[in-house]
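Labels A, B and C are assigned to the chains in the order they are written; within every chain, residues are numbered from 1.
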Amino acid sequence: MAAITISQLTKVFANGVRALRDVDLTIADGEFFALLGPSGCGKTTLLRTIAGLEAPNAGRIVIGERDVTRMPPGPRKVAMVFQDYALYPHMDVTDNIAYPLKIQRVGRAARRQRALETGSHLGLAGMMDRRPAQLSGGQQQRVALARAVASHPQVFLFDEPLSNLDARLRMEARTFLKRLHADLRITTVYVTHDQSEALALADRMAVMDGGVIRQVGSPVEVFQRPANLFVASFIGSTPMNLLDARVDGGLVRVGPDAASIPESARGLVQEGEPVVLGVRPEYAELHPQRVAESIAARVVITEHLGTAFLVDLETAAGPVQVVVSEESPPDTGDDVFVLTNPQRSLLYRRDTGELIGPASSLAGLATAAAR
Amino acid sequence: MPPGVPGGAASAAGLSRRWAVGFLTPAMLLIGVFLAFPAIWTIYLGLTDFRLLGPQALHTKFVGLGNYQQALTGGDFLHSLYITVVYVLLSAVIGQCVFGFTLAWVFRQWKGPLRRVMESLIIVAWIVPGSVVAFLWLAYLQGNIGPLTETGTLNTILGGIGLNWWLQLPMLSIVIFNIWRGTAFSMLLFGAAIQAIPPSYIETARVAGASGWQLIRDVVIPRSRGHILTNLLLISLWTFNDFTPFLLTGGGPGNQTQFLPVYVYQQAFQQGALGYGAALSTLVLLINLLIALAYMRILKERR
Amino acid sequence: MAEGTLPAAPPAADTRWLVRAVIARVQLYVFIALVAAFFALPMAWLVLSPFDAHPTLVAGLAHPTLANFADMFRNPAVRGSLLNSVLLALGTMVVVVATAALAAYALSRVHVPGHNVILYVLLLFSSVVTGSAAMVPIFLLAYDLHIINTITGVVLVLAGGLLPAAIFILKDFMDSTPASYEESARVFGAGPFQILRDIVVPLVRPGLAVIAVWSMVTVWGNFLTPFILLRDPSLTPASVQIYSFYSAGGTANLRLISTFGLLYTLPVVVMYLVVQNRYGFRFYGGIKH
């Protein structure tokens, strides 16, 4: 068991790509930590650098009490599960799971025993002598997990371990991972570009972009209070509405209309300041008549989401999306009014893109975040 | 390379440069010492009068381009070069290539045991060791004169013509031998080339009314150009450097089959003129290089 | 087509087409028969004579017997030369497979600038620097290195010539195995040799087998290099031994030559069949010589 402390980590590849820029990050002992970000933002690079598969150009990595920055991968006592699982096709399940133990010079009988125990624990009991090619994707994934577990690491590193599974298996495996982590409490770094996975699994998560960490926090914090415009536009199953606005009296003026100032920003803005109003589609309401401070809009199209409708609207300040309940979908062409929820809407400075107000309800935890 | 990384940038397997160099060294050493060095050293040796025996064995002199002068004006080398080129053209470039293509074309649509038997027969001729096939052909073409006083299989079948192939038609015999021996490679290569042509090409031409010959000329040959050139390069190089004629005729009768490898061997090891042999080696290497470079050039242009 | 609509006699044009088709068929079979005869007849002697008590130069089986084989094995030159051939083939195979695997692995996994060019130049070298072209410097080199007249010398010379193609082919095999296999082993703490032994070698086993068979077959049949480098009769391999059986003056011992020739040929044919069955023609076709 070990915490991970990463400071000032920089990685520049031989081709000049700066994949990590001064990354600072602390992952607590036993924590399930997700790394989220768009493709190419450096998630895999960060994970591989923690594993020791890439050497950083600058910075430090401490696992537990040990500075492992210059250490080869083996003695770091980490276990990594690759996106393609990297199961050895010429070994059966037992040998695959036991391979790390073989390297640790555990005797043959002892390692087979431990492989069987771990395999059984992960529901592989009946297939210990099969080759990887004779397993389904979900089973292969569990063999890869079992191999990682059997090596008794201090840290688990997962690189998009579920991305090769179909939607249903992915849900199952997600639950499975969550249970496994609850059982073992091993510090876990989990790379994904699927935010629902991060939200579902992680104790805390980091959002990366262009080799920089843009926000660190619990999934709830990151979802409810994205620290900057990048995170705001990246997180959420439907992207947050971001409307250019200006502070005007006690309101934010959006085109010809106005909305109330988000509560968390009250008292922190100056009159006339250019801002961006952030409203999640789920946290806005549609009204057929103007109510208080609301934004006039016309319905362009409605999409059925299963339990709700996503309504695409056109306003004077640009397109806006709102999720409404199943009972009351408006018709295309209707004129409606968008009412924002001041407790849930957010305000960003237009020049810096930073959130106005405390970054999280537990202010302080995320100080290392947004830069 | 990032500073401070143990052993330099590491690869997927954790091979640092130092490990990689270590892994490469044995192979590169062998190649360097036993392949590259001799090729370069022979240039120097060819400028000396190095001999195995006799006074020059002790006092090797630098003779400059004397060996080359001897080779290029003496007649023996030029004769040897000439008949070697004829041998390569007749047996490899025309014989093996055309025959191999014909066989690949005829076999193209066959499945079944007959084809396998035929192909195996042809391939066995190619893989049996040279010193065995040499004797097989000595026996096969034997006439009733010469060191073996009996008659071989072919003359027995042909019945009393009494032709002693090896003495009377040595060049033709050796050309036929080499076609027999080497056609398998061309057949296999062209077989693969023909397999790689999409059937729709051939069908389209057929529907348009192309005859078999037109089909080959307009569809098959243009589509297999790379294979044909590869084949020509390899079989030319192999035939040019083939030492089996030595086992068959020892270069004779007279010097009628004294192809270059045989000539080099005789000069260097039977006459003991290693300096002159080294000069000849250099010339053979140069010719090999020319064949290979010409081929690469053509291949690049055609791409 | 209903029977009633069949014309009483086929039109003239159809008959001509049929005749032409039959002629084409006959031509084809004649051609194939001639090809079969061309390739089979010289070989017939090797297949039949070993089993004839009094073989002549004409292929035939007038006095069937198996005694020739027993006689042959009593000949010390035959036994010794076959053993020497085995030593040469196995020795070269081991050297080529081991060093080529290491080199191919390094080239496949560590980025060496311009490594493709290097490989092609090596390959060009190996096809240009043949035994015939370089016999003089190779002889003198072996002489100066004091490895003339030794099996080791022949092994090293042959290995040097086979290595570029072997590396080239093996690198292809190694390039096609994903790096994550090795990376995961590395994370578990495996070192380069462990990774090579546990992961890479098993994964590229077919490639190693191809290289092993190819180098053994090539060395088994090689005549020139041992002919030049080995002067001591006790070191002579089968390729040279059989030549001395029929090139020496006097009457050739046809019983010995035919039996020895067959026995010496069989391993090559068997290995070829194994490779062909396992991996198809392509490998073998591309890399002979």
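Operating definition for what follows: contacts are C-beta pairs under 8 Å (C-beta built on N, C-alpha and C of every residue); 3 or more make two chains touch, one makes a residue touch a chain.
As the structure is a prediction and not an experimental result, all values here were calculated from the model.
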| item | value |
| --- | --- |
| Pair exhibiting more inter-chain C-beta contacts, B-C or A-C | B-C |
| Chain with minimal offset from the mean of all protein Cα atoms | C |
| Gap in Å, rounded to a whole number, between the CA centres of chain B and chain A | 63 |
| Inter-centroid spacing, chain C versus chain B (mean Cα positions, whole Å) | 15 |
| Gap in Å, rounded to a whole number, between the CA centres of chain C and chain A | 58 |
| Residues of chain A engaged with two or more neighbouring chains | 14, 53, 72-73 |
| Residue list for chain B, restricted to those that touch at least two other chains | 12, 14 |
| Junction residues of chain C - those touching two or more other chains | 111, 180, 183, 185-186, 191 |
| Touching residues on chain B, where the partner in the complex is chain C | 11-15, 17, 19-21, 23-24, 26-28, 30-31, 33-39, 41-42, 45, 50, 103, 106, 114, 118, 121-140, 142, 147-148, 150-154, 156-157, 180, 185, 188-189, 191-192, 234, 237-238, 241-244, 247, 250, 260-261, 264-265, 268-269, 274, 277-278, 280-281, 284-285, 288-289, 292, 296 |
| Touching residues (chain side chain C, partner chain A) in the complex | 111, 178, 180-181, 183-191, 194, 198-199, 202-203, 205 |
| Residue ranges of chain A in contact with chain C within the complex | 14, 51-53, 72-76, 78-80, 82-84, 86, 88-90, 99-100, 102-104, 151, 157 |
| Chain C - residues contacting chain B, complex | 28, 31-32, 35-36, 38-46, 56-59, 95, 98-100, 102-103, 105-107, 109-112, 122, 124-141, 156-157, 159-161, 163-164, 167, 179-180, 182-183, 185-186, 191-192, 195-196, 200, 217, 220-221, 223-224, 228, 238-240, 242-243, 246-247, 249, 252, 257, 261, 264-265, 268-269, 272, 281-282, 285, 288-289 |
